[in-house]
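Read through the structures below before going on.
Below, chain A partners chain B and then partners chain C, in two separate complexes.
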Partner chain A sequence: MAMDPVAGDALALFETHRADLLRARRTQTMMFAGGFLLALGLSIWVSQFYPGKLGPGVPRIFEYLATITPDLRLDVLFAGRDAAGDAVPGSLTYWYVDLPKYLGLLAETVAMAATATMLGAVVAFALSFPAARNLAPNRWLFVASRRLLELFRGIPEILIALILVFMVGIGPLAGVLAIALHTAGALGKLFAEVNENASLRPVEGIRGVGGDWFDEMRYGVVPQVIPNFISYTLLRFEINVRASSIVGFVGAGGIGQELYHVISFYSDDRVLAVLILIVAMVTVIDLISERFRIRFIGREAFV
Partner chain B sequence: MLEFQNLSKRFDDRTAVHPISLKIPNGQMVGVIGRSGAGKSTLLRMINRLGEATDGRMLFSSRDITALRGRDLLRWRSECAMVFQQFNLVGRLDVLTNVMTGRLHHHGFFSAMFGIFPAEERAFAIRALDRLGMAHTALQQADTLSGGQMQRVAIARALAQEPKIVLADEPIASLDPMNAKVVMDALRTINTEDGITVICNLHTLDTARNYCDRIIGMAEGRVVFDGPPVALTEAKAREIYGAEAGEAFSEGMTSTAIAATAPARPTALVN
Partner chain C sequence: MSAPGLAALTPADLAAARAAHPGAFGDPRRRAMVWGGWGLALAYLTLSLWWFDIGKLFAASDRVWSLLAAFFVWEDMANWQYRQIYVGIAQTLAMAFLGTLLASVAALFIGFLGARNTMPVSVMRHAVRRILDVLRGVDQLIWALVFVRAVGLGPLAGVLAIFISDTGTLGKLYAEAIENIDRRQVEGVRSTGASPIKVVRYGYLPQVLPVFISQSLYFFESAARSATILGIVGAGGIGMILIERFRANLYDQVAFVVLNVLVCIYLIDWMSRKIRERVIGEVGR
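Moving on, here comes the complex of A and B:
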């Protein structure tokens, strides 16, 4: 097939451009790869993450595991209490003699997580609209709400909890407030990003009928983003169940307080007893919450 | 009466609309035609202040629209309904709620935030939907509708505003010919029956001829034609659409519509 000269020129021009583009891209990839390797090497050096140092530590892990493993005896494993009302050494009853207390603390932990998630989500919801670049009524409010959210999530929960324990005393209140603050910051950022991706057409529609900024958010944005908000909030609840079993270490309530207690005072099989319960609780909550999330997003057919 | 006094719009490096002065009496149906980028949308969006004019003034019943701020501006938008090319409905809300958002301006903060609409507004919205033959979809989620149905819901939302003016920005550009006709008929009906001024941007010359009392032709941000459809000669149409002399130009080329069964005016030409 004969090619007319003009088309030939266009082709040559295209090939030159393409070669330039590919070369530029290759250089960029190489630079990124080099930078990444450099950063990786630097961080290994700084954190002294050498296998040689890790090696001697491994047996000590098992040593500790041995001290917290209970001495269970198969013959009396399921034995109840004896005539005197005492648990038989070697039985599950003996190991989990404090189970009622643990269950109460687990319930407290879940309740802390739920309360903190709800409080945090409400704050996150309110701040996520001014914190969305394309929805903020003005630049000042945008910057202010962004910075506020960063402040909330920038400080680790455990630190906020520590400060709050000094302020409001030992107990779940400090834990709830600490987790709620961190949740507001973390969810607020996610919510704001969801808001930024919402279609602006409905927003313009509401502006066109004479609605104010609140009407635009309520009718133009919220219906689009609410399924995502709910999904993220449930996910955050799962994370907060873990967080609320940790903040107890600084006296902020929940099962963590008991875990800290048994670790520092006994370091015996009670540590494992509590750990197993925490893992079981987190797993159960994760499974239930995941079920809800999938069902909710599925029903809303959110893509 | 809507009056433009040297209204113009400049973007950074380019003038979208050169100073325009004209008057639109109440109850008129005006078609604004021109190529893409001629400034039609910019002009329309300046009227309800979704886009700000750079210079000049706009008066409605001798009230200065260009100077409105805050609450007054929102009230003007509620009086001056807009129908968009892409409908701009809230897809995840049901049709009825979409129509009732047309009443939002009359709500306080709490009734708006909690979505409390009184029974009269619900009845008003249903009647508006019924006029457009859409009452049966009232409880359906809006994004399950077809394009033509969405545009009819959008017109019902505009009616719910009880507007003095309806602006329609390319209302039929994303619709098939049959739906385009239904939507244009609906706009014409609210114009004749309710006496609402309708200003409608159109791509197609024949639609403008069939439905409008008056045609404003724009080219490169200037009004190059303003008059009744009969006065729009082929030479004028060439100027609006920028066809070079000698280049073939027929109105059919800009046509997407099926001939209107009920021409707006006896004087209008039916292609």
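Moving on, here comes the complex of A and C:
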């Protein structure tokens, strides 16, 4: 009778089912493990990452770290310049003898990041309304602005900087434009997402009193989204400070140009001097910008 | 109640309304500050663009157009060294894979050393965290430049650069994941008298492994992106081929390589999303 199966049958059924499940799971695991090992083997082969090469390579890293470490001597660490106006070897003054030049370049780096962030944010702002699904005046404009933003952020900024250096010549302008383009793409996407989450009721209100599309955006959407926009822009500024410190590697201005020069031609304690300054600059900018972000969003939250 | 027309309002009415509802009329000081802020921003933008010599962009417009045209007119395609290009792309992906894998393994140990619940010695924990901060604070491209000087041109420098900078970020994320676990499972395993290794294996790992795998996959995607440009400073991969073609004014090949790289990155994103959905049960991003 079907209603009264023998106990052994149920057990056998359970066991076979369980075995099937286990087998399926084991096959899946084996497949992933096999794929993983295959990828690992291929990677090692393609990139020639053999222990034989790594062995002599690792000590060389430490040798290099030793060459970029300055010979600071404790007794003269804070010594200024001597009577002849020369810095004492082993003092901080001697290590950072080019400090005024570095500081100028750091200022240029931050200025590049600020200008690029502003330019990019303006473009992103303009494109974020047609690129928001619920606000776009028509489908073609929506698709076109979405694709344009994807194009802007799809190509790494240092690559755009390389192209622009060939177009407008060596100097910070290429870096500013490259970072601005990338920023427009990255911020435009975030802005568009903020716009898509905005309430449509104010928009309908503006439309009800006879506003056109620009009025709807200006008075219906912008007041809702501006705090988020500013917060994202500040966050992007932090990222752009990092970016503008490396676009110099391809000749696009900022402290990166000096770092590249120092690493390529000298490889002595100046490398570490510039590196420390870059890390310090990035950290300080992050702290300041974070404070602003919290204050701005915090104040807006109360209104 | 009928609303009177605007013309019927007298200054006295306005003053009364302003006194009754100060919030509705806006604060002139605040408005001045907002406009002043915009004015300052505009002034800075104009000044800095002038300082950065924006005129060069317009002066160079002939060059801009001829260069852009060179990207889109593909000539002499039979003689492009496709083999070299695709080996370069494969090398880029291999660098990203190895770098992320090594970083994940390192972060697995460092994560336990940097998490509050697994590393009770706070001096040790803070030391680990600060080292991770430094690894993360220096940009990947800078690490690549340093490693190229240290171990020579080639993919080894790229792998090491990805390894170091991803260790900094993954180590921090792993440590945070370990701090956020459910303590009860760990206590359950410990109460059976398991050794510390077994507590980690059966108490911690089952909870954190899905998070670890998911984060490592994200970092593989991001490493595949960034590995394409590491070659610009000589750290192997497609970037070296890219900059070489650039220097030789072969812009059509540059465009071809960039297109190929974009397709590869898209494929990797798609694959990694599939793996995440299948293995970890995450839906969407």
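Criterion: the second predicted complex is superposed on the first by the 240 of 303 C-alpha atoms of A that agree within 3 Å, B and C clash if a C-alpha of one lies under 4 Å from a C-alpha of the other, contacts with A are read in each partner's own complex, and residues count from 1 in each chain.
As a working rule, contacts are C-beta pairs under 8 Å (C-beta built on N, C-alpha and C of every residue); 3 or more make two chains touch, one makes a residue touch a chain.
Keep in mind it's a predicted model, so treat the numbers as computed, not measured.
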Original post:
Who does A:48 touch here: chain B (first), chain C (second), both, or neither?
Top reply: second
Subject >> Which partner reaches more residues of chain A (counting touched residues only), chain B or chain C >> reply: C
Original post:
Should A:278 be classified as contacting the first partner (chain B), the second (chain C), both, or neither?
Top reply: second
Original post:
Looking at the overlay, does A:214 come into contact with chain B only (first), chain C only (second), both, or neither?
Top reply: first
Original post:
Which of the two partners, first being chain B and second being chain C, lies in contact with A:204: first, second, both, or neither?
Top reply: first
Original post:
Regarding the shared-chain residue A:262, is it in contact with chain B (first), chain C (second), both, or neither?
Top reply: neither
**OP:** Check whether A:224 is in contact with chain B, with chain C, with both or with neither, and answer first, second, both or neither.
**Re:** first
Subject >> Touching partner for A:105 - first (chain B), second (chain C), both, neither >> reply: neither
Subject >> Where chain A meets both chain C and chain B, residue numbers >> reply: none
Subject >> Residues on chain A engaged by chain B in the complex (per definition of touch) >> reply: 201-202, 204-212, 214-215, 218-220, 223-224
Subject >> Complex contact set, residues of chain C against chain A >> reply: 41, 44-45, 48-49, 51-54, 56-57, 60, 63-64, 67, 87, 90-91, 93-95, 97-98, 101, 134, 137-139, 141-142, 145-147, 149-152, 154-156, 158-160, 225-226, 228-229, 232-233, 236, 242-243, 246, 258, 262, 279
Subject >> Interface residues, chain A side, partner chain C - complex >> reply: 32, 39-40, 42-49, 53-54, 57, 60-61, 63-65, 111-112, 114-115, 118-119, 154-156, 158-159, 162-163, 166-169, 171-173, 176-177, 242, 245-246, 249-250, 253, 259-260, 263, 267, 271, 275, 278-279, 282-283
Subject >> Of chain B, residues touching chain A in the complex >> reply: 48, 50, 74-79, 81-82, 84, 86-93, 97, 101-102, 104-105, 107, 109, 112-113, 115, 154, 157, 161
